[in-house]
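These are the structures in question, set out in turn.
In what comes next, subunit A is part of two complexes: it sits with subunit B in the first one and with subunit C in the second one.
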Partner chain A sequence: MMKRRLLLAGVAAGAFAVPFAGTLASAVAQEVVKIGLIATLTGPQASSGRQKVAGARLFMAQNGDTVAGKKIELIIKDDTGVADQTRRIAQELIVNDKVAFLSGFSLTPLALAVAPVITQAKVPAIIMTAGTSVITERSPYFVRASFTLPQQTIPITEWAAKNGIKTAVSLVSDYGPGIDAQDAFKMGLEARGGKVVEQIKAPLANPEFAAFLQRAKDLKPDALFLFVPAPTAGSLMRQVVDRGISQAGIKVIGTGDITDDDQLNGMGDAVIGLTTSHFYSAAHDSPMNKKFVADFKAANNNLRPNFIGVSGYDGMHLMYEALKKTNGNTDGTALVEAMKGMKLESPRGTFSIDPATRDIVQDVYIRKVERKDGELYNIEFDVVKDVKDPTHK
Partner chain B sequence: MLTILFDGIAYGMLLFVLSVGLCVTLGLMNFINLAHGAFAMAGGYLTVVMMNWYGISFYWCLPAAFIVSAVLGVVLERTLYSRLYDKTHLDQVLFSIGLIFIATAAVDYVMGASQQIINLPAELNGRFEFLGASIGVYRLFVIIICGLLTVLLQYVIGRTRFGSRLRASVDDRRVARGLGIDVTGIFALTFAVGSGLAGLGGALGASILSMDPTFPLKYMIYFLIVISVGGTTTITGPFFASILLGIADVAGKYFVPSIGGFIIYSIMVLVLIFKPEGLFTRSTRR
Partner chain C sequence: MSAVTSENLRPIGTPSEQLVAAARWRWFEFLFWGIAILCGLSMFAPMLGFNVPIIPSKMMLMSEILILGLLALSIDLCLGYAGLVTLGQGAFFGIGAYTAGLLAKHGAGVAPLSDPILGLLAAGLVAGFVGFATSFLVLRGSDLTRLMVTLGVALIVEELVNKLKDITGGSDGLQGVMSSPILGIWEFDLFGKTAFWYTLIVVFVCFWFCRRLVNSSYGYSLRAIKGNALRARAIGVPVNARLIQVYTLAAAIAGIAGGLLAQTTQFASPDMVAFHRSADSLLMVIFGGAGYLYGGLIGSVVFRIMQDFLSNITPQYWLFWVGVVLVLLVLFVRNGIIGLLSAAVSRSKGAGK
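Showing the complex of A and B:
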């Protein structure tokens, strides 16, 4: 008797509890939006991956992980800098994890490898590093939060022409962005009455620049324009100094890649005075950047943010804003539409997404390496406003 | 023109010091040690740590790099390598490639993946003009040190008692042992010196070649080119091969930059087609 009563009570309680538990669960299990970040965390490009991940994490730490009522989950994968891996990881993230966004891409070939995948799956991909112009033309789902080489290069030709540089030699790494940089440099300088005497291409995996630099020196141009991927910049700059290029009266100029904030301090006083054009310097003078640099250093064992770190941060910002605009709708086409024409405040200054090309439009600064507070920094002294990639039609 | 020749010789000398240890283990001990570059990396990173973290003078780093890499060599030789002397070449290749991956991952974990930069002492920087050639002081320093080492090595192997014992042990291990030569000890010592030289090469090259965790893999190709062009039975073979490759590489990049990076590979292909045993081999062996 007693037993049956208890049993009944148990059933009743259970019956009561079920619908209640149901409402409770739906209140707790908020909808999750997953973002895939494909970074290169091992291999020679690993410093780029570390910066990107740190930038993206910092944005989430500063702005919370809830957007438009949905919880953001960041999935970080390492592609080791190999295009096949990037493509495989992109497929896995789309099919298994059902991510709303892909992001990352340290090198141009890595971004190009996912173009067909994202077009087919209609998943937007935010480029956080790769700098060849053509990438955004390869899929309507690419949006760029970093930069393009021609965009960074044209302003330095303007500065060079203004400062009496008539002849120049360019020395670049022989791969997509390098070719973009040398072509843009030639185009820019020759449009302003200068002349590029010779365009030297060094193999991408090149340990010794001595011969190339000697050739550039013997051609006696007014200026030597340099571009190599940021992780190689340190050893190139050592050899530039060692070869006495500046002492021979040749002005060394380049894009900001060669005076990358991440490595600048290790290059020594010899690089002081080097003039480059780029969209970001850790010394950029704005309250937002000061906070960004301080928070970034605090969270990453005193690592100084560089242009890749800020691109990771801004890429995350773009995705947050896109989700806000679609009110949490994760349809890929709607998200890309939302990002078109978007204008955001960033530690680098203001930037916007060109609605026609989905490429970034931003200010490019002319900077000089100087010693400030005992450390080497790129100090900005001139700016070209709202630069678009000049090679997009 | 002379500048190019000079730069080429300096680069070749550096290649020689880096790869001579591999010639010794491969040619004299008949052991394929692809992980040779890992010892060079050890020397290079030791220099980076000593100079950048503890501010020790560059000149102390050079002997330290030699000694530490040599000790590392002995330890690994006694514990791991000696077990593989009698195994097939494939086993040796797989084993030493595995070691490279371990070394790369370990350095990546401890030091990070980015390139390490050292600042040489002021008196080694700079350049001067000599007979119309512009000479980099540091490259001259490299040439002098490597030149001295070459002479010393040639003397030790060719003229000393140790050298003849080594050659005897290599030619026929059993008979040498029967004659009372301590083959095990000689091999361990030889391996140590080879590793030490790699370490020294790494330290010397730290500012010219870029030091990052992929160093052993990146330079493995160069070591192998030096050895396939120079042959492994002498010290002079790899020496001349290194100089030849250094000059060809630098001159090629200078005069025809568009294909310059490919020239040393072309030389290797030609040598392998026409003289597969290497350019400078003694033909009387075995």
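Showing the complex of A and C:
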């Protein structure tokens, strides 16, 4: 009986939390700073939301929930991967909950949809996944804690040119980041004397790649470059293996999205030797990363963190540091200014925020899939230091 | 509430008196729209010193509910009155959204072109035109074929939106939509207040038009077609013409709903044409009860509030609970929420006698 009453009270409290949270905060001496995390927790992109939320929560668990004398409250919302929902939730978080930061955004369209809202409301938004270059140019309140596709792609073209790849076919998902990746790949490879024979685009909402892979195979290039959003990577790689692309003498390369740590173990031995370029691998060799991976697994039922998990973690870190720097001032413009030029230590290595573009500058690693301690990992063997997005002016 | 439809009314009088009686506004209709207006008025409460919980902070959600309700209403017109099953209403919704969005984007600053009301009319016209063009496909075949044909049209539109990147922005959505003030006076605000009143008025006007229509002799001819198309033809109802007209009209209304969403959120994306849009709104009609006009509206209110409530409690597993409620409702309640209410009312009336 007691329990049920408590439950009822909890539900009622939840329902009325929106209007009353404000009064509560002022009643208690300690002020609350709210952070909205808009993640995609249902639908095909659900794994990205799970990683992001876990990363953000882990940072709060490791570093406490008090910054500059203020209590941090994380509000998590599911946008189902639909842009007009992301926008409505962003608007509600700003207007009702008066959040100091927005964060999340699993796909580029979702981030673009909130651009006018955050510009109008002057609320900083931390991008924890979406990887199209142009996003940060759409609002002066975007700051990126993840990566951009051109930034990840250029290093692999360097590696490809050095390793005798002359012709290549690219296969990408047909949306913002995919186009960015294919353009950067062509630009990078052709600047180094290679040639992109054909650029194939597959629809974003389509898990079936057989026909596209067959076309790539028929063209017999030296290498096949792949990019799809990480949650789709598992099914793409299974089909790459089924089609026998590697057996046909075509080297499969790509950005780290296709050998996503979250799904790598399920792809099987056929992906061993696959070469990708990316900013994060769970196997990255540093004490900070070892602790991060161990804590992440312990808190999430042995789930391995991937680049989205680390971006959620670092996004939270950025917001904490910004609040420290402004001494708890939650003025949006001041917070963005505080983040410009910030340099932070992360499980991925050191990264910084470019003061001119508010985009991330970080090391990009060249990795190879190998079996280590009985599991598949991306083992880093080369690095390009401090890569900026090459397409920003 | 046995008086919800004219079908279960048994008034005495000449047929024309019966028609007039059936078209009369009833208390629960005043109640419904009264509540909607009260919800809107609650936004002024804080200025007068009252504190109304929740509602004023949910203006955006309420506008969205009304818009989805209008989309559901357009389906109800097809399904509940003419008996046309459609799974592709999302296509017209999307066409309307992109039409209004593109007009707002490219017409920005050009005074008459960028006016939201003109944008809505254009959205309705374009969607209605596409509806008319595809209505001939819908005439062929019966229910199952119609489901397939309407679904097919929706898929084609979705793929077009995806492929015509230069116009629609492809998967990234239509960027840079800036809605101008309504009639050059009322600006859209961040709180969604203007958006709510604007939406409420447009939805009411569309609803009032549909209400007039279904209570006219024209509306009765639609019901006759739903009842038995062969007999309707035998008594002289031009069945095909009526179906084309109602399908076109429903498409235009769906287009207006889409235009409203694009204008109030200043955004259009392929999600607006997607299959789940059509499926969700069909669900709302079934949820609320088909053939009452109010079914879609009430269905969308309950459906979206339930969604919002559950996804706030459990952002990861709310879809599961929505599914459970839907299964229970279909299993145990006939004719949706309105059916449930009217059964309850007639039972209490019976007990009172």
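Going forward, the second predicted complex is superposed on the first by the 365 of 393 C-alpha atoms of A that agree within 3 Å, B and C clash if a C-alpha of one lies under 4 Å from a C-alpha of the other, contacts with A are read in each partner's own complex, and residues count from 1 in each chain.
What we mean here is this: a residue touches a chain if its C-beta (ideal position, glycine included) is under 8 Å from a C-beta of that chain, and two chains touch if they have at least 3 such contacts.
The model shown is predicted, which means the values in this text are computed figures rather than measured ones.
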{"item": "Touching partner for A:210 - first (subunit B), second (subunit C), both, neither", "value": "first"}
{"item": "Partner chain(s) touched by A:112 [first = subunit B, second = subunit C, both, neither]", "value": "second"}
{"item": "First, second, both or neither for A:366, with subunit B first and subunit C second", "value": "neither"}
{"item": "Which superposed partner A:335 touches (first subunit B, second subunit C, both, neither)", "value": "neither"}
{"item": "First (subunit B), second (subunit C), both or neither touched by A:94", "value": "second"}
{"item": "Which of subunit B and subunit C A:319 touches, first, second, both or neither", "value": "neither"}
{"item": "Touched partner set for A:83, first subunit B, second subunit C, both or neither", "value": "second"}
{"item": "Partner chain(s) touched by A:42 [first = subunit B, second = subunit C, both, neither]", "value": "both"}
{"item": "Touched partner set for A:181, first subunit B, second subunit C, both or neither", "value": "neither"}
{"item": "Common interface positions of subunit A, toward subunit B and toward subunit C", "value": "42, 203"}
{"item": "Residues of subunit B defined as touching subunit A within the complex", "value": "3-4, 7, 11, 108, 112-117, 119, 125-127, 134, 136, 138, 207-210, 212, 214, 218-219, 249-254, 257-258, 260-261"}
{"item": "Subunit A contact footprint on subunit C (complex, rising order)", "value": "51, 53-54, 57-58, 60-61, 64, 162, 170-173, 175, 178, 190-192, 261, 265-267, 269, 271-272, 309, 311-313, 315-316, 318-319"}
{"item": "Residue ranges of subunit A in contact with subunit B within the complex", "value": "42-47, 200-203, 205-208, 210-212, 214-215, 231-232, 234-235, 238-239, 241-244, 262-263, 266-268"}
{"item": "Subunit C-facing residues of subunit A, complex", "value": "11, 14-16, 18-20, 39, 41-42, 50, 76-78, 82-84, 87-88, 91-92, 94-96, 108-109, 112-113, 115-117, 120-121, 132, 138, 174-176, 203-204"}
